[in-house]
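Lettered A, B, C and D in written order, each chain numbered from 1.
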Amino acid sequence: MNRLAVELPGLKLKNPIMPASGCFGFGKEYANFYDLSVLGAIMVKATTIESRFGNPTPRVAETAAGMLNAIGLQNPGLEKVYSEELPWLEQYDVPIIANIAGSKVEDYVVVAEKISTAPNVHALELNISCPNVKEGGIAFGTVPETAAHVTKEVKKVSSVPVYVKLSPNVTDIVSIAKAVEAAGADGLTMINTLLGMRIDLKSRQPILSNGMGGLSGPAVKPVSIRMIYQVSQEVNIPIIGMGGVTKAEDVIEYFLAGASAVAVGTANFVDPTICPDIIEELPGLLDKMKVGHITELIGGSWKTEWVAQS
Amino acid sequence: MRKLDGVVTKHEQIAEKIFELTIQNENIDASFKPGQFLHLKVGAGMDPLLRRPISICDIDEKTNELKMIYRVEGRGTEVLSKTVYGEKLNVLAPLGNGFPLDEAEQGQTALLVGGGIGVPPLYYVSKELKKRGVNVVHVNGFQTGNSVFYEREFSELGPTFIATVDGTTGTKGFVTDVIEQENLDFDMVFTCGPIPMLKAIEQRYHGKKKVFLSLEQRMGCGIGACFACVCHVQEDPAGASYVKVCSDGPVFPSGEVVL
Amino acid sequence: MNRLAVELPGLKLKNPIMPASGCFGFGKEYANFYDLSVLGAIMVKATTIESRFGNPTPRVAETAAGMLNAIGLQNPGLEKVYSEELPWLEQYDVPIIANIAGSKVEDYVVVAEKISTAPNVHALELNISCPNVKEGGIAFGTVPETAAHVTKEVKKVSSVPVYVKLSPNVTDIVSIAKAVEAAGADGLTMINTLLGMRIDLKSRQPILSNGMGGLSGPAVKPVSIRMIYQVSQEVNIPIIGMGGVTKAEDVIEYFLAGASAVAVGTANFVDPTICPDIIEELPGLLDKMKVGHITELIGGSWKTEWVAQS
Amino acid sequence: MRKLDGVVTKHEQIAEKIFELTIQNENIDASFKPGQFLHLKVGAGMDPLLRRPISICDIDEKTNELKMIYRVEGRGTEVLSKTVYGEKLNVLAPLGNGFPLDEAEQGQTALLVGGGIGVPPLYYVSKELKKRGVNVVHVNGFQTGNSVFYEREFSELGPTFIATVDGTTGTKGFVTDVIEQENLDFDMVFTCGPIPMLKAIEQRYHGKKKVFLSLEQRMGCGIGACFACVCHVQEDPAGASYVKVCSDGPVFPSGEVVL
């Protein structure tokens, strides 16, 4: 029995660990450190119709136990991703989750229709929550109706299941989650980054040339855990959790909150082998917790079956 | 490119806010090239979170030691400066492309121009060029006399000129002032330092000499995955073309990157 | 000239540093460490009509560079605060900002009317953003209309200026800020805590007995800086900034973002003398920045007068 | 109650996951009472953020040294265990009220009951009682033999019984089993340990003997300001009355606090 195997719409994962979108490029760099086939899946960098340079630099700034980024969806564009990046990844036995972005609904539809036909793309991740682009991005993700609308349109054309990536920068995350579920989303991924800023004392200007940026890393984990705890009790589609994961214990915390798989973002920059390291540590941790299969932990903090032995 | 733990074998302050730090690991050898850098984890916890890029200042193949020189700037280097003998430092190394030493032929003269914390990588460059029979001339610029370091070490390899902004040591002014005043003659330039300095050098010598510039940029991953460190290229200055300082650089020929 | 003096509605501050509400009790404990008269002001613990025990313990949990709390507005009640706690503070030459809370609008009105008559209370801080109580609290602070309503009612009865404390758990902080400004608020304080959660691996339950709690400390600073940057450009009332301040540099960052004074919360727990330490460091930092008076820095990141010398 | 930097003069592992740590500071003296605790800053950065409460295990007035014993539980104590000789640890101390030693008269017998990391403060209690001519009897409970510590040190002060849950050392079972089996006779109890143990002791002896319990509670400030560590009181078990473990405790007479 593989105690770490998880099955989600479109995804048979040998383990529930995957790099988060934008924190792993299209995998090439990390392939220098380990065999990408050990991963549960890979969430590749956001793809837009046209290639994008993104925002001016500086694009990253450090914060206490976190970082801000304002990359601005830099990517080589749909054609190149489809004809070069994704085929390169076919050498690995690992399902790809394609993160797609745009500035209007039609952009999402165009990218979704094409990219979902790539043989190794097993699911889409609708990025309606990127805080780093002027148009679209986060705007779609903060209003239930628009979030539902883009979900519905993408569902119509996608050949693979569609996961919607939620923004934490909202008053009521549950209502957004329910709206995209009703619109046909097969799963949720949460959370994208929190909107933040740092100001440089010397220049007296924001450190990021874009002004604001997205906060990620360990600092945001409690916010993400809280949101997954809230949402997982109100929807019937699975959640891929992310935000500040740096160790196997964090993965378990996400499962207990209600996630069915976990993505690792910022921590890849700190430690390039973090994903395989976590995968290796998980079985020992399950032993310690006397858990047979990791899926038994999903929603464990609010499901009542289990009673702590003291 | 690997992740490795370096054991601190030496750590001392050599000028105001400037520290020299030596680490040892069996994988440190001549495959670490001048101009390449390390991405260094500072402290054990999640604060500071990101790694810090620091250039390779020297390699001792025999002892598997690597030397770096850094300035205490902010929190990360402040914490780093507290590291003691015997502690382990986790680094990703060697990263980036390094200076193209093969562009210099035996008997030619290479001008090495460093500014502030851009000086350290040029020491290793100079040593390697010297080994290959290339003549080396150094011009190093600093803010003030207290922050000057490695004057003797560079002098042992070739003529060495110092410029300080306030004139407390060497020539008062910028490195470019020295080059002109001393009427230096050379076949190529290897340089590393602040952007205004790199710009000045590129403006003066691009097209006339071979010029190679080592850039700095805020980094996330250090290995090419996060797109934090991209620069526009001069061929397509407002377009989607780019280079990454961490993996395509940090060294670029003049004329390639929009500074 | 006192380079740190700041004047705000109702408040002549000898310096812009004050402990944040709930992180300093009513001052007694910290008076063992230093003379409270050195402080710019003191924001005392939230006061409700009746005494409250608050939530069951555990009430605090640590997070990366932050902490969660679910104290639940424990306080001795209006009468005792008015007749014992506030008079005790009169021995110090320091203005008090009284933080008031309730579960319905009338509660706020009752507390405001009475407490604002205490001789050393120079301003009120309306806590419409406490995430740790079932009724009222945060509910008031996430909808512009209700936030405006409670502000207006309190303004009617208060004998001192009223500052409204905003919740960061909202999609659009600017609209809330504008609503309370229009309702007559004399100033804003921001931010209260971000809603978060941690789950214990052994018990498989949230660490806090209350489930969720409020995230504070250095982890949240970038979110607060961003919100103050956004709000200060859209309102004409001053902002007292807070969230993760641990050093003089943070104070300057808050000023540059648009704050006119700064409160220190969680850091008091880590270092009981943090407030006087920061006050002492500030003049040196102003020297280094070549700034005469700290007020010159307010909004410096978005006002255009100053150009960095390089 | 002050903030002070203690210099580490000794730090060693004395049982599985159990460390003994000694710090020195000129302000450490006999005003630090048995049962009081320190609030200790672990590491230099903001992670871990909060201080950790640790009991005073012993004071050496002559050398101005303070001893504590702690178990590596989570991240904070893990980081603490890496502290080396000569490092400085910032502490708030002494905090809380301590055990009321005056309740024991010369010639009386005090039973000291410790469980796990509740054992350390009782060592200082025992030493001070002994000094005052009080007879001391110790019953210390642990999970297993590997985690037993200070058996010899306690034995030097008075009769000492050990219980382990798995029976690998001493009596198999709980401290209360030992007290009954050994038919111990005493005038008062001073105890510190996990809540179930404190409850058992309170149930058995409240009203019959003088009983003083030292509690643990998650803390924020450690000095009474944040209301993290409150407990209901037995007089008003569901009301707004409360005590704070950090400043009203950590020691309370039996019958006062809802455990």
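Some observations on this one:
Going forward, a contact is a pair of C-beta atoms (placed from the backbone, for glycine too) under 8 Å apart; a residue touches a chain by one contact, two chains touch by 3 or more.
Everything quoted here is computed from the prediction, not taken from an experiment.
Shared contacts of chain A and chain B, meaning chains that touch the two of them, come down to C, D. When C-beta pairs in contact are tallied for each pair of chains, A-C comes out on top. Chain centres here are means of the Cα atoms, and by that rule the chain farthest away from chain C is B. In terms of their C-alpha centroids, the spacing between chain B and chain C amounts to 46 Å. Computed from the mean C-alpha positions, the centre of chain C lies at a distance of 36 Å from the centre of chain D. Averaged C-alpha coordinates give centres for chain B and chain D that are 54 Å from one another. Chain A and chain C have CA centres that are 33 Å apart.
Multi-chain contact residues of chain D (touching two or more other chains) are listed as 46-48.
Residues of chain A in contact with at least two other chains: 63-66, 217-218. Chain-to-chain contact here is organised exhaustively, every possible pair of chains being in touch. The touching residues of chain A, counted against chain D in their complex, run 64-65, 218, 310. Put simply, chain C touches chain A in their complex at residues 63-66, 68, 142, 169-171, 194-199, 201-206, 211-212, 215, 217-223, 225-226, 229, 244, 249, 252-253, 256-257, 289, 297, 300-301, 306, 308. Across the interface of their complex, chain A is touched by residues 46-47, 196 of chain D.
Residues of chain D touching chain C in their complex: 1-3, 41, 46-51, 76, 92, 217-232, 239-242, 247.
On the chain A side of its complex with chain B, the touching residues are 22-25, 28-30, 32-33, 45, 50-54, 57-67, 69, 71, 74, 76-77, 217-218, 246, 266, 268-273.
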